[in-house]
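Same chain, two partners: subunit A is paired with subunit B first, then with subunit C.
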Partner chain A sequence: MQERKIEELVREASRKGLSRRQLIQRAAVLGISAPALTVAMTKMAPAALAQDRPTLRIAQNAADLASLDPHYAAGTQDRALVDMVFNGLVRFKPGDSTQIEPDLATAVPEPSDQGGKQVWTFTLRDNVQVHKTGKSDAYTLTADDVVFSFKKAADENTSAYAGDYQGITVAKVDDKTVTFTLDNPLSPTLFLPKVANYSGGYVVPQKAYEALGADAFKTAPAGTGPFKFDSYTPQNSVALVANDDYFRGQPKLAGIDYRYIEESSSRESALLSGDIDVINGLPEGQWVDKMNKSDGVKADVFGVGEAIWLEINVTAKPFDDAKVRQAIALALSRENHVALFGAPVGETIYSVVPAQLMPGGLTEEQAKKAGVIYEQNIDQAKQLLAEAGVKDGFEIKLVTSQMDDYRRNYEVLQDELGKIGLKIDLQVVQHAAMHELIRKGTNPLVIYVAFRPTADTYLTQFFTTEGGNTNFAHYSAIDDAVAKARTTTDADEQAKLWQDANTQILKDYAAYPFLIKNLVYARSNKVDYGHELKSIVQLYPGIDETTSISS
Partner chain B sequence: MAGTANPTAASFEAGAHDNGGASEIKLVSQRQRAWRTFRSNRTAVIGLGMVVAIVLVGVFAPLIAPYAPNEQSTINRLAQPSASHWLGRDDYGRDILSRVIYGTRVALLVGILSVLLGGVFGTAIGVIAGYFRGKLDTVLMRLVDILLSFPDLITGLLVMAVLGAGLPKLIIAIALTITPRFARIAYGPTLAIKEKEFVEAAKALGQNNRRILTRHILPNVSGELIVLASLWTASAIRLEASLSFIGLGVKPPTATWGQMIRDGVTYLTDHPWFSLAPGIALLITVFAFNLVGDGLRDVLDPRSRS
Partner chain C sequence: MLRHIFRRLLLAIPTLLVVVTIIFLVVRVIPGNPAVAALGEYASQDAVNKLEQQLGLDKPKWVQYVDYMNALAHGDLGKSMINRRPAIDQIKFVLPYTLELTAAAILIALILGIPTGVLTAVKRNTWVDYTGRVFSLAGLSAPSFYVGLLFIYFFAARLGWFPAIGAGDFHHLGKNLQTLVLPAITLGLIETAYIARMTRSVMLGVLSEDYVRTARAKGLAERIVLSQHAIRAALIPIVSLVGIFTISLIGNSVLVETVFARPGLGKLMVGAANQRDYTMLQAVMVVYALIIIVINIVVDIIYTVVDPRVRYD
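And now, the complex of A and B:
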């Protein structure tokens, strides 16, 4: 017990840069004598001593955390931290979220049919240790924790993702085995993300959660991941320390110093001066080029990108006339919007579901073949407006968020539609206010920026009646197709159904897809994430036990 | 009879002209004397020249600006200064110089109209409260005190938050921050002037309150108010830029200096002209109005003159 205390003390001293004298003083407070400290330190394996490992310093584009309870974490700044502290039953392969591999479970299972219902059975790894907290000891994760976590995730009082877990019954078979029984069968594409390291899929250990309480857990969480929560300084930073009992092995880092720096130029200066190792960058091609020309620094551009598209309310006058919607489609240019971010940050998409990121989207070739590319043609757009009886155009009142991703795209839209006589009266409001207003139907034209993990989520949420107030297009023509695709277990057939739904949306001019905006991070050349960066659903480079900093 | 309104009309000045050895008495109006004093203040004249130039830039913006201010070309966004685009292009590929030139219009419109609006209301409140006293005075001036207790930007923010963005609303918001300043400045002199003999005389002659206020009180508080107006025009322009900077100003795509400064901050290291150009325009304009204000104070404010 005393050795453990000493080990933690030594790591803390390393992380906080304490002198030997301060270390001995702290040890004395804990009832550890100086000789006992020296003896214990010599017995400790060198790798376990934090002095051998650097702490990774990350600056995130946020003023503060919102919630580190993984079942509430939604912002990029929270998702990244949560990912370092928690695990799922399965996980998106580090650096490549198109692949799923085991995490807390020993294998990625195949579903079975039991009594006419689809059942997924997971076997847990041995000796997965839950982090010690100020109010609970470390312990071995069991099936009880998994059942507790998924019940929590399915409860709208304790989770923001409850909707994803309806119709799923989770049960303990024994200490190492849990089953998920589905009311309606799902394909692996749709089911596995629900139990992966994302949103409600993170496993929240029961005893730690109950010991800390729901409120404290939001700022001082405990999971099973490669890093343990250590401290939180509001509007400043969160400190994590290495979990040396991590089931995949000891992390190569002593810990994480996660800082909140909202101002982009401050983050950039901190990186260039060597005060920070990794920063959330500017989503601009020019900035990426600039960083890559700087000494000792590299910018990484990777997925998953957030899709940006225009949705047109097909029930609002005069947009209920397909000719007006077609005119709008012909007034737009994807290139104008992609150029706002520049290559390689902005990438053109041809359906709202991005084909680059997931099955069910349309590639350029497929969109061309289906006749739904819609190249800009101002004359034809004006002609269509004349045919629709609005030759002289009209004024549209729209609100936009003050956030650049929204405001810029709306201003380009304003310019584009101005060329065919549609005058946009654009009001800039706070981001939260915009979300509230567009859900009330303020905007007949809505530009939306979002990443969703599956085609089903994109289509259901934004283009079906089930989507409710986020079906900004008030569209219902693909309700049946999306429902059918959801219960189709053959992956190819399912993808085909989603592609057909995407094509239908575009044929009805209910939406116009612009681009995906990839993630941009910059790092010191000394940082090695331990994996390639292709696409990462947690919206950061992915930091785990393999991440290292060379000296 | 209005001649009893003492010092406002004209005064005699010993003429310094030597006219064949005979001295003459020259009639010099107060206005002429004020202009002569103003002209003798070189910095004030420079300020006036700058203000005139700025107004001309605003008025003739369509003739001066090389491009339409809202003409986008996202493919060419953030282009560096060149022969065709002297200050480069902004983050939508718009010509920065043209937007700075057009931004003058918004700055002047907001600066002048908000001061006019706030000045008229504020002066009316101050003069009425000071002249009529009683409960009306208490209510109006406590209201003014409450408004004065808020910093300008906070008042502007509150009003914009309630009214929403847009040029007319921005003018109203800034006018509201200005109103209590004018009220407070008009109030004090009104208290003193209403006790003067010429006001008593006007009352004795049966003149009604409206006539006394407009013919006797207002002309005698106008000097300080004009000084205040010129100084607050600069502040109003600065406030407009501040509100635009935090995204509560004029609706897009209208070019405003505050919004341009805000948008350019992100690119300050690589594209400094994006923020610097409107910043310098703002600096020059505020400086010019302040110079004129200082000059006017020297001419019109009796305390300053003494």
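And now, the complex of A and C:
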């Protein structure tokens, strides 16, 4: 018993790089004397310890999980875990979400035309093993599982992403082949993310799901990924173990100890003390610098960033007057908002669709050429307000979330608009309350923070009639353009249509894009993710079979 | 005594009904929607409506209330609206952590607080008294959140003596105690300060009582005067205070649970409130109310032990 305790302690000390003195102090706390520690350590075979694969301990900024059913997972804390347990037919290349490569499928297919309809055919890899669960055995994934999964993803009763799969018919050809027949053709840019490792695209194995039941699957899932679900400790952690039957090979890690730690200082201390290997960091340039100056740790800043923009209700008085909206645009400064996060965390954007992350956005040069940059000009803004008949300004009530990303941007907005006589009475409410209130139309000016995987989703959800209560601008001028772009299969032509739509939004002063806020994580220098960190749609560094921890 | 306990338990029923009804109404009045919280801001309105239907949130409020009270009467606290796990399972899991932390904190507070209070009263207006009072004032003024972060920084990040975060497994006593030390001291320090100041104040009153003067006049040793006469009398009001402190500690433990990333009832309640998880919030409040009732009954019983004059029959 004592030896096992010592073995655990020595492993821990080795991983954390504790000094001999610290090791003895920790042993003393556990009731192990220094001589007993020394004797036991000499008996231990060093090779046996070294051969063990380490477990990666990662801390997320969350109180608990919400759902590990990939078709419901929405928060970063859930998306990251889901990504380690499940696969898509294709996947965003690890570390670089701008590229798509095969995952459960053997290749990324080209669409074909069958009877006037677009058809995508996927051939599955051989011997993809579904994880064993307490209620179902491991088995080989087949086309039946894929068909089941996409039908589940398209069903409002079993998926939060059902809307993304309407007009798509999925069918089994044989055990290894499935087809997706589309009512309306889509470009690869729009279709492939639907079958990739993101949201509804994750393949949920039928037998495992049915054996566990829908409710249990939310906290104890089974997929085909490099790590298998092992246990869930509410409010504390989720443990995953290596899937040694993984089709890409045995993971270099023994497993994942995934902790929920809301408090940023606690996460930071846990990283510095060696209790944790990877933490979700603070989205601040200063914090990144501080961590990079600390011994043994490194901060990583990477995409995909969440776009932050201001949306103006073009139907609400007095914002229905384009001059008032123009005045607002001229009162704002992107730099003020970027400064809240600092470089390299904050990056300016010139259209709501971030050009850095996906086709369809406007670069600075393109925005300048189109005349939609709108540099800050307070005098001209005041003059425009006078021309609109509101020379003395006016007061509006806005609600903001207590979360920093929202609150601090609203406070800067309050300051900026105050300079042109527009007074904002800002009320801070709980995050969930803000989302409900802005959807009910309480804010004529809405600052929103979001990542969406394609330009179509950004534009449809926030700037078209189809967007419903998230079209905060009550804007309809690009409805047709977005619909046309969606069915355009030529990638260049499609991107041009989205850029035109973005330009139109800005010309109508329906929105003012501020920045993208990149992801910030910090890790022990011993952690190697196994890939570059450029952009990752799952909003974490991407942990897979190639991730390792050096001793 | 048994009749008294039975009467208190009967009185608890209307108290529980009132608490549950208020919580039921309050969580539904404040803005926010569990379906949106569960699905995330990405979800379409159709998906939100569908989930609301599945959760029964589309029914009139009074129907929801009747359904809830009916389930409660059958001992069913419902399922979390977010992760669909039975609320009682989650409470059963976190409750031992909260009780463990609270018990350890109270123990620390009693072990440190009572001797400090007695000593500062006995050594009134000496450097011992001043030092004790300064430390207890510092303990009262320091926010537990900040103290916790300082402890983590020094004893975990710098010295490596204790883990920075987490809660140990109840099957591994050593590891469990190791993870308990810093949070328990953090939580216990404030109560130590309260108990020390309260003990000092009560002791000063007791020491000026006639019977203490008589005991001294009889030539009893100061040690006997204090232990047999003064401290025992001073303990009576402190016992009832410890009961109140225990209740407040269970409520206040959320900050310490958050800093040290420990599971706990307070954290469960705050998480449920943030996510508008109505059923979980209601379930936690029922358990809180029950804990308060039980603690009050226990304090009543202890009262009869420390003060023989008290009789409930």
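In the analysis below, the second predicted complex is superposed on the first by the 500 of 551 C-alpha atoms of A that agree within 3 Å, B and C clash if a C-alpha of one lies under 4 Å from a C-alpha of the other, contacts with A are read in each partner's own complex, and residues count from 1 in each chain.
Rule of thumb we're sticking to: a residue touches a chain if its C-beta (ideal position, glycine included) is under 8 Å from a C-beta of that chain, and two chains touch if they have at least 3 such contacts.
Values in this document were obtained by computation on a predicted structure and should not be read as measured data.
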Check your understanding: Putting subunit B and subunit C on the same copy of subunit A, do they fit or clash?
Key -> fit
Exercise for review: Give one of first, second, both or neither to describe whether A:K290 is in contact with subunit B, with subunit C, with both, or with none.
Suggested key: first
Review point. For A:S265, is the partner it touches subunit B (first), subunit C (second), both, or none of the two (neither)?
Key: both
Exercise for review: Spot which of subunit B and subunit C makes contact with more residues of subunit A, would you?
Suggested key: C
Practice item. With the two complexes superposed on chain A, say which partner A:A74 touches: subunit B (first), subunit C (second), both, or neither. Key: second
Exercise for review: In the overlay, answer first, second, both or neither for which of subunit B and subunit C A:G163 touches.
Suggested key: second
Practice item. Give one of first, second, both or neither to describe whether A:G116 is in contact with subunit B, with subunit C, with both, or with none. Key: neither
Check your understanding: Can A:H337 be said to touch subunit B (first), subunit C (second), both, or neither?
Key -> first
Exercise for review: Please work out whether A:V412 is in contact with subunit B alone, subunit C alone, both, or neither, and reply first, second, both or neither.
Suggested key: first
**Study point:** Closest approach of subunit C to subunit B (Cα atoms, Å)
**Key:** 7
Point to revise | Touching both subunit C and subunit B, counted on subunit A across the two superposed complexes | key: 265, 429
Revision key, fill the gap. Counting only contacts in the complex, subunit B reaches subunit A at residues 70, 72, 74-75, 77-78, 91-93, 164-166, 247, 251-253, 265-266, 268-270
Check your understanding: subunit C touches which residues of subunit A in the complex?
Key -> 5, 16, 18-19, 22, 25-26, 29-31, 59, 63-67, 72, 74-75, 156-157, 159-163, 199, 214-215, 218-219, 233-237, 259-263, 265-266, 269-270, 272-276, 429-433, 435-437, 439, 450, 452, 468-469
**Study point:** Sites on subunit C touched by subunit A in the complex
**Key:** 30-33, 36-47, 50-51, 54, 79, 82-85, 90, 93-94, 149, 152-153, 156-157, 159-167, 174-175, 178, 181, 258-264, 267-268, 270-271, 274-276
Check your understanding: In their shared complex, at which residues does subunit A touch subunit B?
Key -> 264-265, 268, 282, 286, 290, 335-337, 339-340, 342, 402, 407-408, 410-412, 414-415, 425-429
